[in-house]
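Across the two complexes that follow, subunit A remains constant while its partner is subunit B and subsequently subunit C.
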Partner chain A sequence: MTWLRQGGIGAFIIRRLLLGVLVLVLVSILVFAATQALGDPARAILGRDATPASLAALRAELDLDQSVLGQYLSWAGGLLNGDLGNSLAAQQPVTELLGSRLVNSSVLVLCAAVISIPLSIAIGSWAALRREKAFDTVSSSAMLALAALPEFVVAVLLVMLFATTVLQVLPAISPISPGQRPWDVPEGLVLPTATLVLAVAPYVARIMRASMVEVLESDYVEMARLKGLPERTVLIRHALPNAIGPVFQVIAINLAYLAGGVVVIEYVFNYSGIGSALQDAVVNHDIPVVQALAMLIAGVYVLLNLLADVATILVTPRLRTRL
Partner chain B sequence: MPAAVSVRNLQIETTSGVPVVMDVSFQIAPGEVLGVVGESGSGKTTVGLALLGHARRGLRIAGGEVLVGDQDILMLDVEHLRRLRGSTVSYVPQDPASSLNPALRIGIQLREVLQAHAGGRGRDHDERIAETMREVALSDDPTYLRRYPHELSGGQQQRVGLAMAFANRPRLIVLDEPTTGLDVTTQATVLSTVRELAAAHNVAALYVSHDLAVVAALARRVAVMYAGRVVEFGFAEELFESSAHPYTQRLVGAIPRLTGGRSLLGIPGHAPSPGRRPPGCAFAPRCTMHIPECDAQIPPLSPVGPEHSARCIRAVEVMPQTQARAGDPVDVAPAAGSAVLTLENVVARYGKVEVLHSINLQLEHHECLAVVGESGSGKTTTARSIAGLHRDWTGSIRLGDKELETSARSRSTESRRQIQYIFQNPYGSLNPRKTVGETVGQPLAVFGIAKGREADHRVGLMLEQVSLSAAYARRYPDQLSGGERQRVAIARALISSPSILVCDEVTSALDVSVQAAIVELLGQLQRDLGLSMVFVTHNLPLVRSIAQKVVVLSEGSIVEYGETAQVLADPQQPYTQQLIAHTPSLETATAEARVGEQRRPVIER
Partner chain C sequence: MSQTGQALAEGVGTPTPPVRSSTLVTRAFRLWRTRIGALFVLILVVVAIVGPYVAPHTASEFVAIPNSPPGGDAGVLGTDYLGQDVLSRFLYGGRGILVMAAVSTAIGLVLGVAIGLVAAYTRNALDDVLMRAMDVIMAFPQIMLALVAVSLVGAQTWVIIVAIAVTTAPRVARVARGAAQPVVERDFVAATESMGLSRVRILTGELLPNILGPMMVEASLRLTYSIGVIAALAFLGLSPDPNGANWGTMIQQNQIALATQPWGALTPIIAIALLTMGTGLFGDGIARTAAGIDRERGDE
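Up next is the complex of A and B:
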């Protein structure tokens, strides 16, 4: 096992993946315990009029007559085999139910990430360069205001601006009918994506600005300028790689937040993704779906944090050579 | 001979218009090294950076000329200035560890300075890079160039800094305290590299430092700066032997001496910050020769001899005094002979590495024992083991006849009270969120000595004893200068009346004049309070003024151990001899200044 401790970046990733699996096991226990508290699924399905006999029959069908430990083990075993059980409400396998919604949400999150990350890094860096000048003052205040607004307010404002009250250039809601893919209705993606971008960009931009300000004050940036390097080289080769390290962590946290935080946005825009699925599932006591989504979001968190750590190590030789 | 650089009436002010540097003029000939000496805040670094047309954030160059050849670089536009920097004029920064980009291999950082000025890409400059690396005595092996800065020692990092500065064969090079923080031996080799390169390539150099002794090792002519002005200008040996400004005189008095243990004289008070400078001579408030006329107007820089000028209206009276005003000989009282601290066969480790090999020492009552060595010699580990801050050691450390536990945590309250520790860096060792009073008073509460008004009273007395006033109790560390902070740290260590004080490089982060004042204070407190003291330092001449005994460590072993006067006058071991030879002191400085005299650059035309 010594190679795991000293095997460079590869061993580090394996080590962290093993830890991630451990985290997911713990999360699965918590998720399972918490969903037990949602109530009796059999009663939820059959409603108030259910007879004791029909309840018992349904419980047997859903394996609810086993011990709690037994239920957990069979559920966890299913997870490992990619079998997430059947949705209680829709009476179809969870994987089938969530498959297309997962694609829809991923497209939304990816669009938001692809736009917001470069944008916020650019805004943050530029604000740091123009520190205490007009652009910095304006962008910093705007970012603070945006960070303070809940995203459903941003969503509603955008809808008013572009879909209803002021202009009517974009659809106010973005439903995706079964069989359709998000890119079949690109105009429907604009407002949800914009809302997510506005929700995430302020945090990343502010941390990027702070990190960049610190790096621009550093001795090695002053030295790079005194060596007579062109300003472009100073910024791109000397400042940026050092400033971006801490930002990776914030990006990861925000992307993971996006994965879980699309709930509200999807609800506002009636976008059929995992967010609205989660909301429906909780309302319907559809425990297998809730469990599957909770595990999915936890997995995204673990993976994104791992990616952020790897990225930080790759841009920080001091950490890299220590591995 | 035309000057390589000529500075006229340089004025630098803050962006809000407060003057920082005023009326600075000098010339440097090709191949000459000009020294600029001053304490922190004197404006010496600001002047150095102005030679590259650069002013730090919050400052701007308000007037004057910096002629490099016949080009006034202050008139250049941004693009021309960029082309000048790193090629015609280059810079070697103070702290190589923070000035090299941690994310870039040193080869890339070296190559880019060539590419930025000569163009080219890829492997175009390989030969030039290898040549430059050899010039600064580093390996020219391509695998070495693939290292990151953190994979190099401090001395190697600074050599990379020198390589970058010399790579484009500049006409002028500005060195900003490039050896601060380096070992004496490393410092000596870096200095000789600078000297050789400057002479070999006929480069003019400006060498900025707070340490007159270090500057004299390199520079023939020296400008002394105080509160933004040059107060004296002359040959190094003249400044040592017949300085014409009282400030220079006090600065010389603060340099540790190897021979004859004289007390170091600190300069009371501190330099006025920009915007609070008095209307007359800025040094007047701290000057012992102050007369009312001093406050009338800023004295002009007047000649007092050939190529020697000073900004003092009483210069003629000052000049004959220098030798007389050196510190009085120190009568270091003999120790009482009973051991208060005994180290027997102490072996310390960091992880699997043994860093101390069988250390045997004895500290006697009323004795100051200096522990001297370079970084990595184990001197700080010895001190930390004594205080129980380093826990991974075996052997025996006895306080009186009581065996001490390895870690401070498992020692009794009483033995913790008996041994107090002062850290190297006063900027890091004081909690910025606590007032001086809270910091100094804390041991009283921890050891249950006093509380309430009684504690406040004791804190006040203690602050007076370290030459601060009781009013300092309400201040926060960021309102204090480095020297004042270190006095607070001393007060915190002494308030619990310990019997042993462990001082870990307590002056290495301070200016020379402040160092003198702190050593003076520690010596006086030791005599007054009957303390026993372990004084860790890398500066051998410094111990002459304070310690009865000295132990020289190298690579975790004791090399030499004996009476201070004897060890310094007649070192038996080659290692000690080498250490003494490499340490800047008043004696080495004057000797260097004389050698420098013979090395006067000869320019053939």
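Up next is the complex of A and C:
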């Protein structure tokens, strides 16, 4: 196993993968324990006046008659096989229930990522180049203010501005009927996407600015300038690749955060994605759905962090020697 | 002598004594952003404390026809979806959010700093175990864990406080550990060890004062998020009193009348926005000041 401790980037990725799997196993234990420990799910579902017979039947359906370890193993085994169990409220497989909603939410998060990442990298870099000048002052203050606002506040403000109080150019809600895809109603995507962009961009732009400021003051950028390279080349070939390393981590954290942050935003816009599914499941005590969504969001988080670590290593050669 | 000179003089002799937190705050207040941030927070705190005593009506009193615009019987901000006075509900609605946010953030900070310091100081298997445990909690977005906890146990005040505290702690712990790691390597820690000081004394007396700067920044950042999550839960209909006056609840209830009577939702929106921007600006002021002090000392 010594090669795992030393050997280069391949071993690093394997090590991070193993760590990610470990975190996921721990997460699954936590999710399972949290949802099982809090009372009898069968009674929670059926209510106080359930008959003993119906309680027993539901317990059998939920595998609650097995030992705790047995229940965990059968649940975790199902997860690995892609069998997430049946929704208690909808009486249909969780995968079927969540499938189209997962697509809807992914479209939203993807749109937000595609717009916010280049935008915030551009704003951050430009602010760093124009340090202490008007653009930097204005954008930094705006980013600071936006970063502090809870996203549902941003969402409702956007609805006021563009859909109700001030202008009426966009729909205030973006429901997606069954069978419809989000891209069938593109105008409905505008405000939710804008909210997510405004929620994420400030963080990425701020870290990009800080990182770029540091790089622009470095010796190698000065050297490149002294060599007489055109400013364009200095920025794109020398400064940007070095400044972008720390930004990957922040992007990953923010995308993972989006996976959870969509809960509130989907609620504001009545958008049928995993966020509103989680909210419904939570209200209905639909434990299999809650468990599946918790594992899904945690899995996204672990995966994104893994990708960010690998990306950081790839763009930061000096970190490779420390592997 | 100027404060700069003082800070430089402090750096000589003893190995970088801690920046006194009072010094840090005093110096941070020279920045406009810190002053504005503190002013915003102060205004909202005063509203939350004094508001209920000066409100013209009670929070649930019928005043005029629902969704009346401002003026006449409807009061300066009009009425909400049930015909209650928006101004009065705004004045009543801050206390719950502020108290829950402050208490939960404080608990999360204490827990997080303790875990972070222990992890940084031990540097062994315990460090790994603690940090993996923190990773597990951080795999869930804060709002999601709070949502699940509230759904399973109910939207009681203590459940919300515990959920926010538990999700705040690992994020604080990571920052505290990162800030404390270089301090642990310093000679004066080894010196206190050789003097036979107890571990608790080393952690609280030697390490903690040296990470107060980053911890104050983290505290205001976490407070900003806690306010956001608590307000968002209320917005989703999950507050201890679903019909009570609460800024988050008000936004949700009056969202439907945005086109005709926007004040019902806009007033609490402004309140929450000022509050979170205030804590955010304040934290940024502290962060800039702390970074400035480090630069003067040549820590960079």
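Heads up, the rule we're going with is that the second predicted complex is superposed on the first by the 304 of 323 C-alpha atoms of A that agree within 3 Å, B and C clash if a C-alpha of one lies under 4 Å from a C-alpha of the other, contacts with A are read in each partner's own complex, and residues count from 1 in each chain.
We adopt the following convention: contacts are C-beta pairs under 8 Å (C-beta built on N, C-alpha and C of every residue); 3 or more make two chains touch, one makes a residue touch a chain.
These numbers come from a predicted model, not from an experiment.
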Touching partner for A:F152 - first (subunit B), second (subunit C), both, neither: second
First, second, both or neither for A:T165, with subunit B first and subunit C second: second
Partner chain in contact with A:T35 - subunit B first, subunit C second, else both or neither: second
Which of subunit B and subunit C A:N242 touches, first, second, both or neither: first
First (subunit B), second (subunit C), both or neither touched by A:K227: first
Which of subunit B and subunit C A:V315 touches, first, second, both or neither: first
More subunit A residues in contact [subunit B versus subunit C]: C
Of all residues in subunit A, those that touch subunit B in their complex: 217-220, 222-231, 233, 237-238, 241-242, 315-318, 321
For the subunit C and subunit A complex, residues of the former touching the latter: 33, 132-133, 135-144, 147-153, 224, 227-229, 231-232, 235-236, 251, 255, 258-259, 262, 265-266, 269, 272-273, 276-277, 279-281, 284
Partner subunit A, residues of subunit B touching it in the complex: 49, 52, 54, 56-57, 82-87, 90-91, 93, 95, 98-105, 112-113, 116-117, 148, 150-151, 164
Touch list for subunit A against partner subunit C, complex: 22-24, 26-27, 30, 34-35, 38, 141, 144-145, 147-153, 156-157, 159-160, 164-165, 168, 172, 256-257, 259-261, 263-264, 267-268, 278-279, 282-283, 285, 290, 294, 297-298, 301-302
